[in-house]
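Chain nomenclature is as follows: A, B and C, assigned in order of appearance, with residue numbering initiated at 1 for each chain independently.
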Amino acid sequence: MTTTAVEVRDLTVAYKDKPVLWSVDMQAPSGALMAIVGPNGAGKTTLIKAILGLVRPLAGQALIYGKPYSKQRHLVAYVPQRSSVDWDFPTSVLDVVMMGRYGALGWLKRPGSAERRAALDALDKVGMVDFAERQIGQLSGGQQQRVFLARALVQNAEVYLMDEPFQGVDATTERAIVRLLQELRSQGKTVLVVHHDLQTVPEYFDWVMMLNVRRIACGPVSEVFTEQSLRATYGGKIAFLNGDGVGEIQDGYRTALSQPVL
Amino acid sequence: MSLAHIEIQMIAALVATACALPGVFLVLRRMAMMSDAISHTVLLGIVLAFFLTKSLTSPLLIVGAALTGVLTVSLVELLTRTQLVREDAAIGLVFPALFSIAILLITRFAGNVHLDVDAVLLGELAFAPFNRIQIFGVDAGPAGLYVSGGILVLNVLFIAIFYKELKLATFDPALAAALGFAPGVLHYAFMTLVSVTAVGAFDAVGSVLVVAFMIAPPAAAYLLADRLSHMLIYAAAIGVLSAVSGYWLAYALDASIAGSMATMAGAIFLACYLFAPTRGVMTQRRPVKT
Amino acid sequence: MDIGQLFHNLFFDYTLRTVALGAALLGVVSGALGAFAVLRRQSLLGDAISHAALPGIVIAFLLTRSREPVVFLLGALAAGWAATLSIAAITRTTRIKDDSALGLVLSIFFGFGLMLLTFAQKLSDARQAGLDKFLFGQAATLLQSDVVAMAAVGALALGTTLLFWKEFKLLTFDADYAASLGYPVRTLDVLLTTLLVVAIVIGLQTVGVVLMSAMLVAPAAAARQWTNRLETMVGLSGLFGALAGVSGALISSAMEKTPTGPVIVLCISALVLVSLLFAPARGIVWRWLRNLRNRRRVRTAHLRP
């Protein structure tokens, strides 16, 4: 029997007058590796931020293992979009990864050798241990993404929320990251990933949430990742699917998706 | 070197350090121009507190100034949040309005009092040694030394205590919020500190030099450092160096002390801009960004 | 003093007429050019340039020993350019962001000017060097000849803006696109910045350095609320600037011990406040009412199963 790790009920978020999420429901069972897909501006980032209490919803709520996020902070790790921070910031890779322990440390307590060891461990897992003392601006995009991933790993959470961790990442790094995600799943962790490449959804993930302001579909990939729901998510005019399954999405699809759809 | 020389340099060095430390975070948080705004608007707080207390030495002046500093920050944020104007425009709207109110109040109602607008802008470091503190009838040194020392201690304590939180909230405010570190509260506490620093400092060096001390040394340090702690140390050192060398430049030229210190801060920045290891324009290895 | 008397003076009292005309001119020019600055996210560039003008003015004076406005204008222009170029160079070649570059250039240039000024006059006290006038302006000392000079330079600036209207519009809207069309973006940029410096120098004598930035930002911010068209915005911005200039001059002449500059700034700030609150479509009050209605609609929509 599985419990629900992340549950979103009737969530409505608006910036100014414009609703960005409209009455969205979502359930991610414990141990799921879930992709959140949808066109640009669909509200994927907003959904993650709302789960984390970073934006205030107009209505509805998000629960982590049945309780509001503010009570379950220690269970959740967050990987923001890479572009959300200033990589010129004067700090080292190791330091950024140690920030993942700050939540457990709480106010005023300083990170010490235990945090340092945990951070080095996490860096080792993402293959970045040799870069520990580098200033963060001297990394490639893929390396920066792996640092963020290490920072989330070091939080030792139950639920991982990741916003576009594959953005600007080369194929080797992408596979390495996917292996890490699958390892997390095998440890019973729940991982929610905002994802852009529809082609790889069935290969990487077992659950999918399809979002375009409203929830289009949410469930096991094999059941809900269908041509019909893709059309509903991205608008009919750009979906080209082969008859024999969603895994065989043609190239035209990817180029079409790189354009803003809304 | 007479006592007055030493005292002026000590005050200037303390002020420079006290400004450089929060300045590092202003530069990293992209709020440098907020120091320009605050260093002007605190005048309003001082004027209002002066009307309340009828005294120019009351500690309430600092409280008033700190409150208007925070008011400035919140007004700018309020305006920006309406999304009707951008943040830079909001700053450009708020501080001239508040500063104008302050000037009008001074010229209309406090004309006979020694509340001098130019002094606020330009500072009176040269006269600092004349305003002395007496304890039990014994001379205990210039008041400016205590004020600047006080704000320096305040800044060092705040940054030392909240170092981890400030670092996280500056680098990644979203993560800070998600981890429950209340970046908003920290932000306002920090901006209060900046306001208090601005008041304490501009009494000695004037508001324009407050901006120079808050931004030039941290900006130069930003070109030298790859660690936050190093950046803080370099910024403080560059601040002290600008203060002391600026003092002697003013002495040699018989020119404004505040102006000469700002000039030296600029010269040191220029040197870092050109010759900083790896990041200087002349030493950069990687091609220049276009 | 009653209102009728005030308006009588506006036309027949030399000082008031001169000040009001000067303030109106300043308002039109800085309002119109400020609109471009605000749209190009350079709201605070005006603040930096007006502070940075000081060393230019002092050096111009030292070189020529003349107090002619033209000399000051050229000095300020050169320093304004140097400041703008420094800001651009710093942000382009280092990791320093534009807010720091602005604050840095503003305070360093101004401090340098202060040092030069006091050195040149062999006074370690800047106040005796007539710096107040530069800092806060002295509208009351405006002469008819000053106003004529302001009008001539202002007309030149506005005329140039009209001449390059299409180019400036494109530059403001999308500089990269303008470059791709083959426009000399750099030259246009320098030209527009030069005009901005001219507007600033025109205003310095009336409102002074500290408040000059408000004359660039505020009329534009107010005008932006009423329209989405660049043409209308620039015109409205100039109009608002002039309106604030004249009313500021009137109010400060009607009350004793009220310096003109701050009153003008408060007038334009009041205009901004009214625009932000009540402008049709964008106004905060209307939006607030709309939001209230929306919220109610969302609530009721959610109540239904």
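Brief remarks on what is shown
Note that in this section a contact is a pair of C-beta atoms (placed from the backbone, for glycine too) under 8 Å apart; a residue touches a chain by one contact, two chains touch by 3 or more.
Keep in mind that this is a model prediction, so the values were computed, not measured.
No other pair of chains shares as many C-beta contacts as B-C.
Taking the CA centroid of subunit B as reference, the farthest chain centroid is that of A. A simple rule picks the central chain: find each chain's mean C-alpha point, then take the one closest to the mean of all protein C-alpha atoms, which gives B. Subunit A and subunit C, compared by their mean Cα positions, are separated by 46 Å. Centre-to-centre, using mean CA coordinates, subunit A is 40 Å away from subunit B. With centres defined as mean CA coordinates, subunit C is found 25 Å away from subunit B. Multi-chain contact residues, meaning those touching two or more other chains, occur in subunit A at positions 16. Residues of subunit C found to touch two or more other chains are 95.
Shared interface positions of subunit B, i.e. residues touching 2 or more other chains, are given as 222.
Subunit B contributes residues 27, 30-33, 35-36, 40, 79, 82, 84-86, 88-89, 91-93, 96-97, 99-101, 103-104, 107-108, 111, 117-118, 121-122, 126, 208-209, 211-212, 214-216, 218-219, 222-223, 249-250, 253-263, 265-266, 269, 273, 279, 281, 284, 288-290 to its touches with subunit C in the complex. Every residue of subunit C that touches subunit A in the complex is listed here, in rising order: 95, 287, 290-291, 294-295, 298-299, 301-302. For subunit C in complex with subunit B, the residues that touch the partner chain are 38, 41-44, 46-47, 51, 90, 92-97, 99-104, 106-119, 122, 124-127, 131-132, 135-136, 210-211, 213-214, 216-218, 220-221, 224-225, 257-259, 261-263, 265-266, 269, 272, 276, 282, 284. Every residue of subunit B that touches subunit A in the complex is listed here, in rising order: 28, 83, 161-165, 167-168, 170-172, 174-175, 177-181, 222, 225-228, 230-231. Residues 10, 12, 14, 16-17, 19, 23, 58-60, 88, 137 of subunit A touch subunit C in their complex.
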